[in-house]
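First the structure, in the form of structure tokens, and then the observations on it.
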Amino acid sequence: MIHFNSDYLEGAHPAVLQRLVETNMEQAIGYGCDPYCEAAREKIRAACGAPEADVQFLVGGTQTNTTIIASALRPFQGAICAVSGHINCHETGAIESTGHKVIALPAESGKITAQQVADYVEWHRNDESMEHIVYPGMVYISYPTEGGTLYSKAELTAMYETCRQYGLYLFIDGARLGYGLTSDACDVTLPELAHLCDVFYIGGTKIGLLFGEAVVIMNPALQRDFRPMLKQRGAMLAKGRLLGLQFDALFTDDLYFRISRHANEMAKKIREVFVSAGYPLLFDSPTNQQFFVIPDDELAILARDFGYEYWERVDATHSGVRFAASWATTDEQVEALRKAVNGLKK
Amino acid sequence: MIHFNSDYLEGAHPAVLQRLVETNMEQAIGYGCDPYCEAAREKIRAACGAPEADVQFLVGGTQTNTTIIASALRPFQGAICAVSGHINCHETGAIESTGHKVIALPAESGKITAQQVADYVEWHRNDESMEHIVYPGMVYISYPTEGGTLYSKAELTAMYETCRQYGLYLFIDGARLGYGLTSDACDVTLPELAHLCDVFYIGGTKIGLLFGEAVVIMNPALQRDFRPMLKQRGAMLAKGRLLGLQFDALFTDDLYFRISRHANEMAKKIREVFVSAGYPLLFDSPTNQQFFVIPDDELAILARDFGYEYWERVDATHSGVRFAASWATTDEQVEALRKAVNGLKK
Amino acid sequence: MIHFNSDYLEGAHPAVLQRLVETNMEQAIGYGCDPYCEAAREKIRAACGAPEADVQFLVGGTQTNTTIIASALRPFQGAICAVSGHINCHETGAIESTGHKVIALPAESGKITAQQVADYVEWHRNDESMEHIVYPGMVYISYPTEGGTLYSKAELTAMYETCRQYGLYLFIDGARLGYGLTSDACDVTLPELAHLCDVFYIGGTKIGLLFGEAVVIMNPALQRDFRPMLKQRGAMLAKGRLLGLQFDALFTDDLYFRISRHANEMAKKIREVFVSAGYPLLFDSPTNQQFFVIPDDELAILARDFGYEYWERVDATHSGVRFAASWATTDEQVEALRKAVNGLKK
Amino acid sequence: MIHFNSDYLEGAHPAVLQRLVETNMEQAIGYGCDPYCEAAREKIRAACGAPEADVQFLVGGTQTNTTIIASALRPFQGAICAVSGHINCHETGAIESTGHKVIALPAESGKITAQQVADYVEWHRNDESMEHIVYPGMVYISYPTEGGTLYSKAELTAMYETCRQYGLYLFIDGARLGYGLTSDACDVTLPELAHLCDVFYIGGTKIGLLFGEAVVIMNPALQRDFRPMLKQRGAMLAKGRLLGLQFDALFTDDLYFRISRHANEMAKKIREVFVSAGYPLLFDSPTNQQFFVIPDDELAILARDFGYEYWERVDATHSGVRFAASWATTDEQVEALRKAVNGLKK
């Protein structure tokens, strides 16, 4: 059985695990104040070209989204996001549990536009009942999106300018950031992206770590008081050095980008496997997640030997499914998939 | 200047005010435990044919919606409602401020269907990621809806059966309940409606009182512990007798229904004023709120002498507006409006 | 039966009620934006010597405390208060329901000191685990306190200076403000008090109104965005003019202070009734609430004809009880009490 | 530099780390539904003699406390705990952030009694203002307590009986459970403790794991719907197998108890080092944390080579400090400490 369900099926990249093993018996103070965390912070700041950024390490994505949003918003404010955004769909109401509405806008390929945001704010400001309507306080976007698509540099620039014009924070969920930044379709660098938002995070859980998300806080207004929020949200790891060590390894010798690129290469092969066999794309994703439309009977055959993520029903006899490559995906796995897919039509 | 903006522009019906005046210097214990509240409870239970119902009095609608929903839901549950529902649109995120997502479904004429609810629950239950998605815990509907429309008895019955089948509470927002129950289009009685839901409220603020909403809790599971919730939500009025006295007057000599019916009659005249002058309806409402499409230049003329509520832009030169009648609307006011409207086209 | 249980047993002062009656059929726009609210705001600003203050009207005390505190604090901050403070004891956890800890300090006669606040902040700031401890963000005091006692001008000045030094807001709960300001023991004026805090409120529910609390926001940082908080907390009354009208009447011809002073005079007589009959004071209150220690058997006799509030058990055979005077208390009521108390010992 | 600051200074016990290393490249589904988690659940149920218990794995203590308490309480309820309890002191208001008051009772040696709980509930139930006071919904205790002390079996039994009598849940925070259960002073077994509460957790972060807390839910009412709470609170680890693998190792060959016992042995030696040198105990702890009173000048000398946790100021020239042993503490470390302590007095 080979699983393409997601990009967090294996443990850590061996170079990351090695760091944990070789430092295991060292003593270090807790809560992210140890030298390993400091070293990782420095490397991340350097990679982002952002010497003034605050960098804090959290364990997982929902925790990270919740802590950032709860920290940034006033009680009567909500976070604008695509209707397909992770915080709107797949966090069991974590944002609402902190008191804030998710303001979901219609999305095209998982993306919302600066114009949509501007229109929304203008509508709110001009409504006679403005005080009775949740105030937009932030825009949340994902890079890449939940469907694997990417905002262009022009789109990010327009979004950030709109946010600054209207006094909204822009927060970029980078749970799969590396897969986005190393995509052929990407036209933005990490330092550029860092300077086109107020806060973002560099996802580790899905790219080479056992777990870990590095929040990069660009806007000084959001830097203040982030750490007590971390503690209150249960997001301050006691043995914080585990996060520092892992991110230090990830940002050594370009590892983060090398393994992200590898995943994208594997994804392109998976795409070619299905497309050449005549299966339509569900979405056109240039990153590590690939989405196909497959007849249910053929899917049932594939499911005997391969794991995938069920995405949505397309029609009575077809399903939309996700196959994800990761830093750990091998040529052998893809070739096994190719053989199986090619065999379906016979 | 004559205002048709809403149904809460005047004070209280004179019979209600009279009760407050004549009892003003009596001493009564606080927090809704006085004899006037008890008397009003009895009258409301009788009017609902619900001797076992718990009846509690609150001051306003947002407070009432928030207290009921926060009291009924577990933290990981949300409230299903029409996208146009009051709790989704016009309460500044009050429901989310208690930690719960509003699950907004597309609405036809302000209404959602039992089938939509069933489909949503089935989709949730069958999703592999069910645990990652907010659980539906309640259905919230308004009677009449925010656009003045009504659920039929068959629709309410289907909704309540669906809710019971799936273990959801059904909550009916009755901020304008009287205007609904006395509409020509209504096919349900107050006792019938009471027994087709778990909890609802009888709005007084918009129908004859200075303020006040009477929550009728039919389901014993929701009766338990409602009063500490009232206090915590700031919804337990110190001089609770003011609510008891007002509702006692409102449920004496059929006053609630008489004044509701009057408002609907006035609304029909307002409708006739605009329709006979050739203005299209924005929605087709059989209750006290009427909605028209009016050219902007004509609206500007009307606005010199008449108040209305701006509802939405229809196109570049037309607006959708609301004219509301209330228990206090007079024939003279409507005739003045008629004269003005008829004069517009000349 | 004559009730001295509390100061909110009757309706409104006749002059206040008269205003409601004579304006009842006028039309006014909602939510506190009507001319009556504007007029009341102006009178309150003038009475406070605070032309720049924002004044907003709410219905009750718990609602007011919750809205102010939730509006002022960041999520990781708490409100310092006396262990006997209303928000710590008698609001069913309303403050905590908004996510904030009440940091309760030991109190002497219901009061805390500037030194206690300074010590607490210093301790917090110097603790190695500071990030793991709730941050103090505000000091909440009551004037008069829950036990009827008063802060001196020197104490208020020291408290406010300490708050400013440490970056805390100072919030004064004035549910019974008038009874404090007109006490013989008071050495501060309303304008002085207004300028010795960031926000306070002028209680109407307990002093002459049907209901209503006027929040006076002195600090511009707290003025911004208070109204959407009002709406979200269910504290924005639809017929806001009811609040404006009542406060307008209350601040006409010095009514607020005249009726407060009357209550204090009545309280002095009540005190004299019990003290001259040999009953010890439970607390020494110079305001409208008086507290006595009474043997249980004698209390049982009194309870046949008089209402009082049970405060606490003193020992196996004695109870501490409250007798409250209000703007509505009459000489006849007090004389009836005197006769009964004097009869107890015979 | 040798650190005795806490018990979470090193990584994982080598046997635990080994499991992570050897399974690193295996594929496993996420969120705690993998075979390793299942295996660990079975071993924990067996160790607890609780075949019907639900076992869920979380990353850290604050997260665990918050998720359990938020899951168990209704909005108007609070959690009773010792004033020195972790949730009251050191979690930045995490419990309050979910809307619930921590009801802090005075504690003796970090412990509260069944009688205190009964008295509190009786007081609440009999208060006229009961509805205005937070309802107790749960008792939270720590085993061992924050000061290293232990509840006896008789005390636990009385507490649990009291809780059942009054309808409160009993929750035992076992962040250091192993150190308690293997103490010479312990008179309760793991299965006994498991059956004397509704829910507890087995701490791994402080006893041999990189991170991880295993929640054992004994009461079926608390089992239902715990998993969506996990997700909402950001406490559902994507690579859940990391928790399963670690706990599987910890409950293999009695490892949890062996390493806990070792820490207690080391702690006894540390205690003997200080006591024999004449330093008084700050508290008398029979577990892995030891607390001493040390003159400030001598402490300054020790601090050059040894880490400890500052606990509290005792007087102008003496401090209370904590020295903690862990599963990783060695004889060599303790002997180095002995030499230094013995050298202080010379």
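Which chain is which? They are A, B, C and D, in the order written, and residues in each are numbered from 1.
Everything that follows uses one rule, which is that a residue touches a chain if its C-beta (ideal position, glycine included) is under 8 Å from a C-beta of that chain, and two chains touch if they have at least 3 such contacts.
The structure displayed is predicted, hence computed values, not measured ones.
Visitor: Looking at B-C and A-B, which one has the bigger number of contacting C-beta pairs?
Guide: B-C
Visitor: What's the rotation, in steps of 5°, that superposes chain C's Cα atoms on chain D?
Guide: So the copies are related by a turn of 180 degrees.
Visitor: Averaged over CA atoms, how far is the centre of chain A from the centre of chain B? Could you give it in whole Å?
Guide: The separation of the two C-alpha centroids amounts to 42 Å.
Visitor: Centre to centre, by mean C-alpha position, how many angstrom separate chain A and chain C?
Guide: Here chain A and chain C have centroids separated by 50 Å.
Visitor: How far is the middle of chain B from the middle of chain C, if each middle is the mean of its Cα atoms, in Å?
Guide: Here the centre of chain C sits 33 Å away from the centre of chain B.
Visitor: Identify all positions of chain B at which a residue touches two or more other chains, and write them in rising order.
Guide: 75-76, 91-93, 97-99, 131-132, 135, 228, 231-232, 236
Visitor: With touch defined as at the start, can you tell me which chain A residues reach chain B in the complex?
Guide: For this pair, the touching residues of chain A are 75-76, 78, 89-93, 96-102, 128-129, 131-135, 309-310.
Visitor: Using the touch definition from the top, list the residues of chain C that touch chain A in their complex.
Guide: Touching chain A: residues 31, 70-71, 74-76, 98-99, 131-132, 135, 225, 227-232, 236 of chain C.
Visitor: Quick one: which bits of chain D touch chain A in the complex? Just the residue numbers, please.
Guide: Chain D reaches chain A through residues 2-3, 5-6, 8-12, 14, 17, 20-21, 23-30, 59-64, 66-67, 91-94, 97-98, 205-206, 210-211, 228, 231-239, 242, 307, 328.
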